[in-house]
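Letters A, B, C and D mark the chains in the order given here, with residues in each chain numbered from 1 onward.
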Amino acid sequence: MIKTGIIGATGYAGQELMRLLIQHPDCEVEVISSRTYKDTNYNQVYGNYMGITSDKLVDIEIDEISKKVDVLFIALPHGIASNKISAEILQKTKVIDLGADYRLNDLSVYEKWYGVSHGSPQLINEAVYGLCELKRKEIKKADLIANPGCYTTCSILSLMPLVKNNIIDKNSIIVDAKSGVTGAGRALNLGTHFTECNDSIKAYKIASHRHTPEIEQELSIAGDSNITISFTPHLIPMNRGILITAYASLDKKYTYKDIKEVYEGCYKDEQFIRLLPEGVFPETKWVKGSNYCDINFQIDERTNRIIVLGAIDNLIKGAAGQAVQNMNIIFGLEENKGLEMIPSFPI
Amino acid sequence: MIKTGIIGATGYAGQELMRLLIQHPDCEVEVISSRTYKDTNYNQVYGNYMGITSDKLVDIEIDEISKKVDVLFIALPHGIASNKISAEILQKTKVIDLGADYRLNDLSVYEKWYGVSHGSPQLINEAVYGLCELKRKEIKKADLIANPGCYTTCSILSLMPLVKNNIIDKNSIIVDAKSGVTGAGRALNLGTHFTECNDSIKAYKIASHRHTPEIEQELSIAGDSNITISFTPHLIPMNRGILITAYASLDKKYTYKDIKEVYEGCYKDEQFIRLLPEGVFPETKWVKGSNYCDINFQIDERTNRIIVLGAIDNLIKGAAGQAVQNMNIIFGLEENKGLEMIPSFPI
Amino acid sequence: MIKTGIIGATGYAGQELMRLLIQHPDCEVEVISSRTYKDTNYNQVYGNYMGITSDKLVDIEIDEISKKVDVLFIALPHGIASNKISAEILQKTKVIDLGADYRLNDLSVYEKWYGVSHGSPQLINEAVYGLCELKRKEIKKADLIANPGCYTTCSILSLMPLVKNNIIDKNSIIVDAKSGVTGAGRALNLGTHFTECNDSIKAYKIASHRHTPEIEQELSIAGDSNITISFTPHLIPMNRGILITAYASLDKKYTYKDIKEVYEGCYKDEQFIRLLPEGVFPETKWVKGSNYCDINFQIDERTNRIIVLGAIDNLIKGAAGQAVQNMNIIFGLEENKGLEMIPSFPI
Amino acid sequence: MIKTGIIGATGYAGQELMRLLIQHPDCEVEVISSRTYKDTNYNQVYGNYMGITSDKLVDIEIDEISKKVDVLFIALPHGIASNKISAEILQKTKVIDLGADYRLNDLSVYEKWYGVSHGSPQLINEAVYGLCELKRKEIKKADLIANPGCYTTCSILSLMPLVKNNIIDKNSIIVDAKSGVTGAGRALNLGTHFTECNDSIKAYKIASHRHTPEIEQELSIAGDSNITISFTPHLIPMNRGILITAYASLDKKYTYKDIKEVYEGCYKDEQFIRLLPEGVFPETKWVKGSNYCDINFQIDERTNRIIVLGAIDNLIKGAAGQAVQNMNIIFGLEENKGLEMIPSFPI
């Protein structure tokens, strides 16, 4: 049994991780940590755990936790993990960081977009960007995983085949993204007060969301060129799910079939990527509760643009599920262990 | 492997059953049947099954299906199953009927409340009312299970200890019930059109809902007396979940602890019933996606009434999950096989 | 033009009042006050006012405000207004208090349920309970109005004819109430965080909600006897609206028509009470955005109980609309001035 | 008093029109027509009208209706109005058609996108495209108004200043649009069944929605060049509201202030267009229940694109409200008569 720990176990991503790890056949949860809820029974923080666990949350040093676990998941706001993790910690345990601190390869880009200085810049090169479908080999050997963001996972998986295969004008990419409210976390905020976001929609952080450079970095690598995108996130009155609608100019005329082959070339063996049949488009309801990323596209012949749609469950493929997938790869388990849930509907 | 079949696989209960059976370690789904979607791929009817199954729906005779399966689940509107099931069918396969046809012991009560004549009255006595926590022994030996209704499961489990232990005035019971919209099924109806029920609440079938005699029947058996209740269902703008708020007059003064012991006496070994700590009350969000029934109560000292609250996921403990639980009992499996899901949150 | 002021203009009730008063043909809003948002433009607090008003919120003493206005609306949490209002204030301006401080006639009941001492007990007898349909005459002459609570307005209006006409066992009343989330106000709270209450239902303050003694007081007056009720509120995932489902034992057999006549006797001239046709029941969607209270009932012949349903918009008839109705009565305007909005649907 | 009639009074747009016209100080509703609900009381079709009107729906010929009214609103699916309206009808009454039949100037474009032949092509040139802010002069003299679509109103108003002033690359426009479910009407459909669209988001009619040529036509006129756009609508789990997020490449570097002046040049005297302050972006909740169109934009300096956001209430400014605004212009009333509602919140 793999011994696991979760730092930041009481946020929504931490909670989903807790659920997946308890249900995982090869894991046990040794330590759950939280500053705010220290010494509280987990099932008092999340009533769904009543009768399932009576474990208490602790607030102990990462150094101590790292001795007790084989893998440590960190689900904290940006800027904290980089001050906790060190080479010493990584000698004792694998670390899968669900936060942003090690996702960006370029320190200056990190510090510009996040507005904080990085606590352990020497580890940035150690970290592997844990988008499993793209980095499987590197993940296998990694000690430190930078688990990708929710918008980024969905955007990169949806667009990668196009940039990798030079099908689009790489400077024409626009990603219009829509997220459920769990994406904003459990911290109280007027914008996520029920009566302020129910039955309404808004864009936020227009042209300034921090997932932008992360998407650009990975698409640039895949496309072997400098890619700059426009990215606009929106808040949707629903609990879970991300849908991205991406636009790009095709470099010449293509048929649906042409481009479908490109996607199949990239993803035909990927069990968590579902390329939908022609004319059937991703909807967040069909991926909720699962680790799937659904993808399809439409060619807009009048403008010669391609419109790509991708959908994930933001807390699973966009956070906790992908973290488990990373763990499975690192520990040599089957990649879908503990992740075979059929999406729930209607839920 | 237990071979299973589902007749009526495209309703919401049928779909949830499909999901549970595919994920069940000891089952395989042999036949999925639907009149409306005959010859259609299941994943075209429910997009969540994309990549999981490419089975097609068939529309074949129950007689033929019964030869191929060890257990047959029927999820059809009332009045149909009783015309399909016969002693011959029951010799070939176990039948778990998620519909209403065999739930009421008294034929005349059935015909009065449902307004149809019963197709196989001779089988009514054969059928066991499949509320697992109350009828485990009978279920083990049954060939035909009448799987309880959603409101009824939640109401009976919440109230049974009180009537069984003669703690309340048995004619004082009022059940005010609230259901998510999946309870109304997938058939189109103005009342369940999004913009007609979103952001609104209404009562319906006031003092006339068909689950009333079912609750009365089982509470009367448990309480060994004729019990008549008032029952009012309400439609809540949410996908899943049932909450019942039940009121009854206590026959004398009791403390919370007195009554808690009564509940524990009935349920302390029940793994799917969670008696919540004092002051913590059921919310549908904490049971969503699971087979749990959460229960707690408050004594209203000013009026000497007890107010009991119960919550279930209507499609799981209120339908498909309980059906699987019944199957597990019949086939001698551990009762929680395939049903150990931790409730999902926030979903 | 009647000069009005609002203290506590940035809560949801205050905002709805603002909207009604700006649109009222005979009013102008002179002062809007808020501690939290002092010196802020109102349209920055509520974006719907963009282009409508650029008034700023002030935080000045009530004494000063009272000199500038003909009527002062106070929409503050309980325990504050009673420390602000004095006989001197009431000589300068009429006061309509949307809070709880003057609703209960019995000081000890107030202090027991609210857990605070009352700041101006000498004014309790001055205050008129502003349930317009019941107290029109007293309101006309009042200087201080205790505007009723939302649950109470709906409960009292729905049940009054029954207690007044001795049709029910007065100790059998149970009110099962359901409210939209605006009822919990704009203050941040985990329970009203979008992802914590969306797609879920719960009861709260079971047998202990502060509107209970208020309902009992007014029903006791109407029924000329001491009435004690059971009251259970529930939180519904919707923005607005209250539905109450009330149960009581009939003292003998009645027909629907018998009891309808009793209701018509009480309400046939009331323009804001709509007695629905037999078989048609209140739904919150049909009253949203209006000052209506919709009422109907069903006789449960099997138990000889009556089930009464009432629906209001909690922010209008349950708060700001009724406050305006009170103002109209006091100032001799037509009672429906500024309140003739047809309910909006689907909204 | 202006005598009005509504054909198709029982759809959502028809109902909103009914509400606005009843509340309009200078109108009366003479005729409400519906095939489906012929001879039914309007308040049985829409319960919000209980106590407000007891008018019955009729199903009489347009010829007969046209004699009784000064203005006739038609709210029918496309392809029907063009077979009903004739030069003779227009001699008897003004017609404001909320449907699509007269919106497109080019018959072949209409027939291509709508897939039907047009019933009165000779009237296409008679019709004025009723986007009030752009065509006020022509509307004043019109007998037949083609009231714009909901997506189109929001898109055109948001983008017009940019194309008119040659600020953007006119072939770079992408409109990513989001609509509440009322946009899909009241007809039953699996996609708008509550449990199929609640808590989920999807795109639909990608690169093929019929509002596309309408937006292109009007932007082409405003920009005096042939404009082709990409348009993707999405279904959002909310009742009302449209938000559009539009992207375009700027032709050179601009500051926010530069472009704000361009918008102010177009809209500074428009009472229904609210140009929000820098950094404040449209949200549908702030326009719900009103005739406003809120607009703002952000310059994405990294890509030199402009991102424009616009929000309207789809049933008001996107349908019934604009229809009333057109009527006000035609009949020489103040343009905001009956349309001065402050947006409702939270509703």
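What we mean here is this: a residue touches a chain if its C-beta (ideal position, glycine included) is under 8 Å from a C-beta of that chain, and two chains touch if they have at least 3 such contacts.
All values reported here derive from a predicted model rather than from experimental measurement.
S.K.: Between A-D and A-C, name the chain pair that shares the greater number of C-beta pairs in contact.
M.R.: A-D
S.K.: Can you tell me which chain lies farthest from chain B, using the average of the Cα atoms as each chain's centre?
M.R.: D
S.K.: Would you mind pulling out the distance in Å between where the CA atoms of chain A average out and where those of chain B do?
M.R.: 36
S.K.: How many angstrom lie between the CA centroids of chain A and chain C, rounded to a whole number?
M.R.: Taking the average C-alpha coordinate of chain A and of chain C, the gap between them is 46 Å.
S.K.: Can you compute the centre-to-centre distance for chain A and chain D, using the mean CA position of each chain? Integer Å is fine.
M.R.: Centre-to-centre distance between chain A and chain D: 39 Å.
S.K.: Please set out, as single numbers or ranges, the residues of chain D touching at least two other chains.
M.R.: 12, 180, 182, 195-196, 198-199, 237-240, 283, 285, 288, 346-347
S.K.: Applying the document's contact rule, which stretches of chain C touch chain D when the two form their complex?
M.R.: 12, 15, 19, 22-23, 46-52, 182, 198-199, 239-240, 271, 274, 276, 280, 283, 285-290, 292, 294, 340-347
S.K.: Could you list, by residue number, the parts of chain C that touch chain A in their complex?
M.R.: 12, 180-182, 186, 188-190, 192-199, 237-239
S.K.: Under the touch definition given earlier, write down the residues of chain A that touch chain D in their complex.
M.R.: Chain A residues touching chain D: 171, 174, 176, 178, 180, 195-196, 198-204, 206-207, 228-230, 232, 234, 236-241, 243, 245, 247, 281-285, 288, 298-303, 305, 307, 309, 346-347.
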